[in-house]
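This report refers to the structure that appears directly beneath it.
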Amino acid sequence: MTQPKELVVLHPAPQSTERIFSPETLRRLHEEFEVLDLDGHPDAERQLDLALPRAFAVVGQPDLPAGRIERAVRLRALCNVEGNFFPNVDYAACADRGVRVLGCGPAYAQAVAEYSLGLALDLARSITREDRAFRAGTEGYTFAANSDSILLRGAEIGFIGFGNLGRALHELLVPFRAVVRVYDPWLPDSYLEEAGVTPASLDEVLEGSQVLFVLATITEESERLLSEARLRRLRPGTRLVLVSRAAVADFTALVELVREGRFVAALDVWPEEPVPAEHPARAVEGLVLSAHRAGGIPAAFEKIGEMVLDDLLQIRAGLPPVRMQVAARELVHRYRSRPVTTAAGARNP
Amino acid sequence: MTQPKELVVLHPAPQSTERIFSPETLRRLHEEFEVLDLDGHPDAERQLDLALPRAFAVVGQPDLPAGRIERAVRLRALCNVEGNFFPNVDYAACADRGVRVLGCGPAYAQAVAEYSLGLALDLARSITREDRAFRAGTEGYTFAANSDSILLRGAEIGFIGFGNLGRALHELLVPFRAVVRVYDPWLPDSYLEEAGVTPASLDEVLEGSQVLFVLATITEESERLLSEARLRRLRPGTRLVLVSRAAVADFTALVELVREGRFVAALDVWPEEPVPAEHPARAVEGLVLSAHRAGGIPAAFEKIGEMVLDDLLQIRAGLPPVRMQVAARELVHRYRSRPVTTAAGARNP
Amino acid sequence: MTQPKELVVLHPAPQSTERIFSPETLRRLHEEFEVLDLDGHPDAERQLDLALPRAFAVVGQPDLPAGRIERAVRLRALCNVEGNFFPNVDYAACADRGVRVLGCGPAYAQAVAEYSLGLALDLARSITREDRAFRAGTEGYTFAANSDSILLRGAEIGFIGFGNLGRALHELLVPFRAVVRVYDPWLPDSYLEEAGVTPASLDEVLEGSQVLFVLATITEESERLLSEARLRRLRPGTRLVLVSRAAVADFTALVELVREGRFVAALDVWPEEPVPAEHPARAVEGLVLSAHRAGGIPAAFEKIGEMVLDDLLQIRAGLPPVRMQVAARELVHRYRSRPVTTAAGARNP
Amino acid sequence: MTQPKELVVLHPAPQSTERIFSPETLRRLHEEFEVLDLDGHPDAERQLDLALPRAFAVVGQPDLPAGRIERAVRLRALCNVEGNFFPNVDYAACADRGVRVLGCGPAYAQAVAEYSLGLALDLARSITREDRAFRAGTEGYTFAANSDSILLRGAEIGFIGFGNLGRALHELLVPFRAVVRVYDPWLPDSYLEEAGVTPASLDEVLEGSQVLFVLATITEESERLLSEARLRRLRPGTRLVLVSRAAVADFTALVELVREGRFVAALDVWPEEPVPAEHPARAVEGLVLSAHRAGGIPAAFEKIGEMVLDDLLQIRAGLPPVRMQVAARELVHRYRSRPVTTAAGARNP
């Protein structure tokens, strides 16, 4: 075709072009589109302004107030590559002008689901605890160190939240034939039943779970959902896995209750990252400690690039996007998952 | 019924009656049968001799040479509750007299399968390694500590051995949509294909796996199957999970190759247990260390008792046993899985 | 709450309020909303005009040109209850004003999938053919009438189209461990691979299938997709199941090729319905004849009402709809599936 | 190897060598073993007598009283290729001498399971009934002929019997997420629960099923299990699928109750085959009529040969058979499933 290629602007910070596009995906992107890569560009803002009137898609999450959206007369897609939607974009303006706002949450879902299952199996069988004991020379053999070990098969499992993560994790749990009860106030019971899980109240999930997965994103309603009072209602010995956002829980209470031995927990998200050196959690035996590692693995990052490319091709062909997640107009402004601030000021995925 | 109850002799050492029978199962056993419990009995051997002519079933693995079998004229079942068949029983005599020899392997299969998956996810995502780093204050956040993390989804997975453990583990792996290649010289390809796995040679499994599960029992053929030369053919970075018997591998070479960083491994079985205090494995970063904990959890032990009771009721009703595993006449003499010797001289499950 | 209820206008023709709302669902709809039911109303158009400025949702598919949409200032949802989107609605105007346009396709998917599987098993094993022979006294026993019977297990199966129907049918086929090849020009290969099927060209699907499911909707591109030339490329003995739209195929050629014995087919949709009394298909042995019965069963109709109610509650709560299908702006104008005309002039689902 | 090959005697009647061995399987059998094929041999009995002292295996079911077994000093396997065990073999003598008695039931299971599901879907949606109506010009369109159509998804399903057929059928039903209740007096509840079905009494299965699969073999206990009184307790409108043995039911009552319209049924087995020309069932609208076609399809027959070959190789290598079914010593004498007598006097599979 002699027709000019559509323009795709890459502005992926805090991601990087290299991390989310494999060489092969990037090659194909350049083959199909004109690509303006502003990753690390010293004059990115001005370049963006110049490019917007011609842009077919923006990959990343630069500031896009109504004014910029209005000037982006050919814009068809805004591909978020972080996993959170920030209020620096005028989503209503995008919707009004038919700009698809797409999220990359599905790219992380499998990685987080596998990690969450790994953490749950660790807590069910005390894998890290006994590895540490072995290194200290205090390991117990066979049943000696197994008195609190449980099977996941047939276990009573609770989910708080049933979005991308919950669905991906549930799929992995199917062969365990567990009873999976889900609390998610954004979904009707019928939806959960069709998905093969049991709708439940927050109380039922808190009090009725041997293994409790906290998968909820942060909104005004979910902040501190797991207050100290609620955490005290967990069954003794509950295995709690927290992989979504630290602000969902009263974190100080959570760590203290584990220290007291009321239940055990695996924590992948923290109120402040890096975690202060003297944080009491570092010495609590009943915790599995993890530094925001659930989703950000190479396979997940590269999948973002593939999804972006696939959906840009869909949209260019007049077809709906099918791999990224269409941001629901109703929800995009609700997410409050402010990224944690790292020492370097970078936003974490 | 006024008919006298059949006699069941319990001789469960090194198991104990209490461990394998929950109070409820034991109550039902006494309700259905006359029970002679020789667990810990000071005069067990003589009591057994006295009881054999009347015994309907023996639960455990006392010495049963041909002479004793001959005198056990009413014996219909010998229920092994350990997981290994030792040569202290004349299995041919049992077969000739129609005595069902039953194993409890299936009771452990789910526990071992879940643990194996937990170990594999740990190695795929470095869960224990990063937990230790976190406690040492050297944790890396997000992608900083994730560069070698992989998904199990779609991974190339190898099994050595496809008995009870392999089948139970495969069921858990189905939602990961992995390619599972199996080397098992005791099974025809067609059997493996019907089970949904890919038959493979030992070489293919060694060289083609990102995650390798060693699930083989010990026979003359499988001892030192994983010689140093073969271990050197694993892909760099392979995740190796060993949960069956230490003698399958050249253990010294295995630990050394992990120490050198060629691959990582989770080890649940050891040539000598307890492991000597100064064993070099205790300090190797690339290992997940586990003290023979894969199978012996409370849920597995209690399942043994349930299976024993169910199958004794089946046999008494003139029906075949369906929960324990019928020992194959062809194989029962082949197993060489000498239990490791513990400090206390006890046999481990 | 003393707050007035939102207004929902029911205008379900050619559906009826009674068919799509069970008494219980209708009771709940009235409990939650003010309901104006125009089903069968003699003055429906004028009532609709009067109600639109206050309407929160319209259930059905009345004419909604831009002018009406503009006057419906509070309108948030248009719930299509037929399964086809007709051009009597200005979808672009809906999108611009944030009106959710929702389809009920998922309500039919399970019914069509089960029926399609039933038809395929019928063709694979000649169930109807042999039932007719039995009634005629000419049945053959055991292998006598089984020489052309095949298993679906492990069969080579082709799909043309992979929307709601394809996904639902694929789920039912999973335990058959069949190879499912899919041709769908609206979807990227990656999407199909993630769904667990094999992307394929039209040629591969036509020539490589033992069982071929035609599940495509009608667009300009798909009309007469199955031309006589293409139908002649099916393998001898192919089982063809047609449940989407008759216009996908050169229907005359299809029936004739089956009459000649080149392949067999189950036909649920027809170019003209009712089918003329003298239609040659009525006498062809290799056909399973079905009168547009795949989707319209009581369970599917009642599910429409449940989905409508659930999603109206979602939208009222400021949440996205999750049960009905959000009509893709890119596709809604493409569908050409003109309903067949019945004698009574009614549109069929 | 210069070692002489082991001798395998084929005596497959009423099967034939050609039907159960594909050319490729037969070629491999000859390659691995010395083969004496007595299929259709005019002097088969005497040849068998001559061969027995050297025979490693007999494939088929010739008369094998204790005397013959005793002379067969090298015999290791008796491979039944029919699906029924007849009392013309001294099974106790086989067991005492370590001769493996193997059945081919698993070869038919998939074929019967798929056919049973096809029949159930037919009854759920009236596929054959409406095909006949279409040919008669009396078809009803869309909902007109669908008022009694039901989904299998979520349906209450009952099984009578849970052997090979039940397990294979259950696997196909998993994606329908049905409640499957099973009555099988030969199995403990725990076994059924582990298989993922719900143990139930005969009454619960009769009265609580929308779809009832009769999969029980015939024993003294199961003959006429479905008496008229019990059949009258089925729910109105039950879909009954009978694919095991006609003697399980009071057949006359069954046909009459369907004729009266109390429930519908698909019948694949008959008290007398061929069914008399004037049998009243031939005219009953509520029946799907099938002439003993569920299992005997080419794919099932050829699988028998593959299973025989695989297991003979296993046994020759000192390994247990894994593809055919080891006949349970407890059950082999219980089966009474006398084959129906056909006009030609042949036994049906």
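Residue numbering begins at 1 within each chain, and the chains themselves are lettered A, B, C and D in the order written.
Everything below uses one rule, namely that contacts are C-beta pairs under 8 Å (C-beta built on N, C-alpha and C of every residue); 3 or more make two chains touch, one makes a residue touch a chain.
Quick caveat: nothing in here was measured; it's all calculated off a predicted structure.
Asker: Among the chains, which has its CA centre at the largest distance from chain C's?
Answerer: Chain B.
Asker: Using mean C-alpha positions as chain centres, tell me how far chain A is from chain D in Å, no decimals.
Answerer: Going by mean C-alpha positions, chain A sits 51 Å from chain D.
Asker: What whole-number Å value describes the gap between the mean CA coordinates of chain A and chain B?
Answerer: 37
Asker: What pattern do the touching chains form: line, ring, star, complete or other?
Answerer: Contact pattern: a closed ring, each chain touching exactly two others.
Asker: Can you name the residues of chain B that touch chain D in the complex?
Answerer: Touching chain D from chain B are residues 95-96, 98, 186-188, 190-191, 306-307, 310, 313-315, 318-320, 322-323, 326, 328-331.
Asker: Would you tell me which residues of chain C are touching chain D in their complex?
Answerer: Residues in contact with chain D: 19, 110-111, 114-115, 117-119, 121-122, 124-125, 127-128, 130-132, 134-135, 137, 139-147, 149-153, 171-172, 174-176, 273-275, 277, 282-283, 288-293, 296-299, 301, 342, 348-349.
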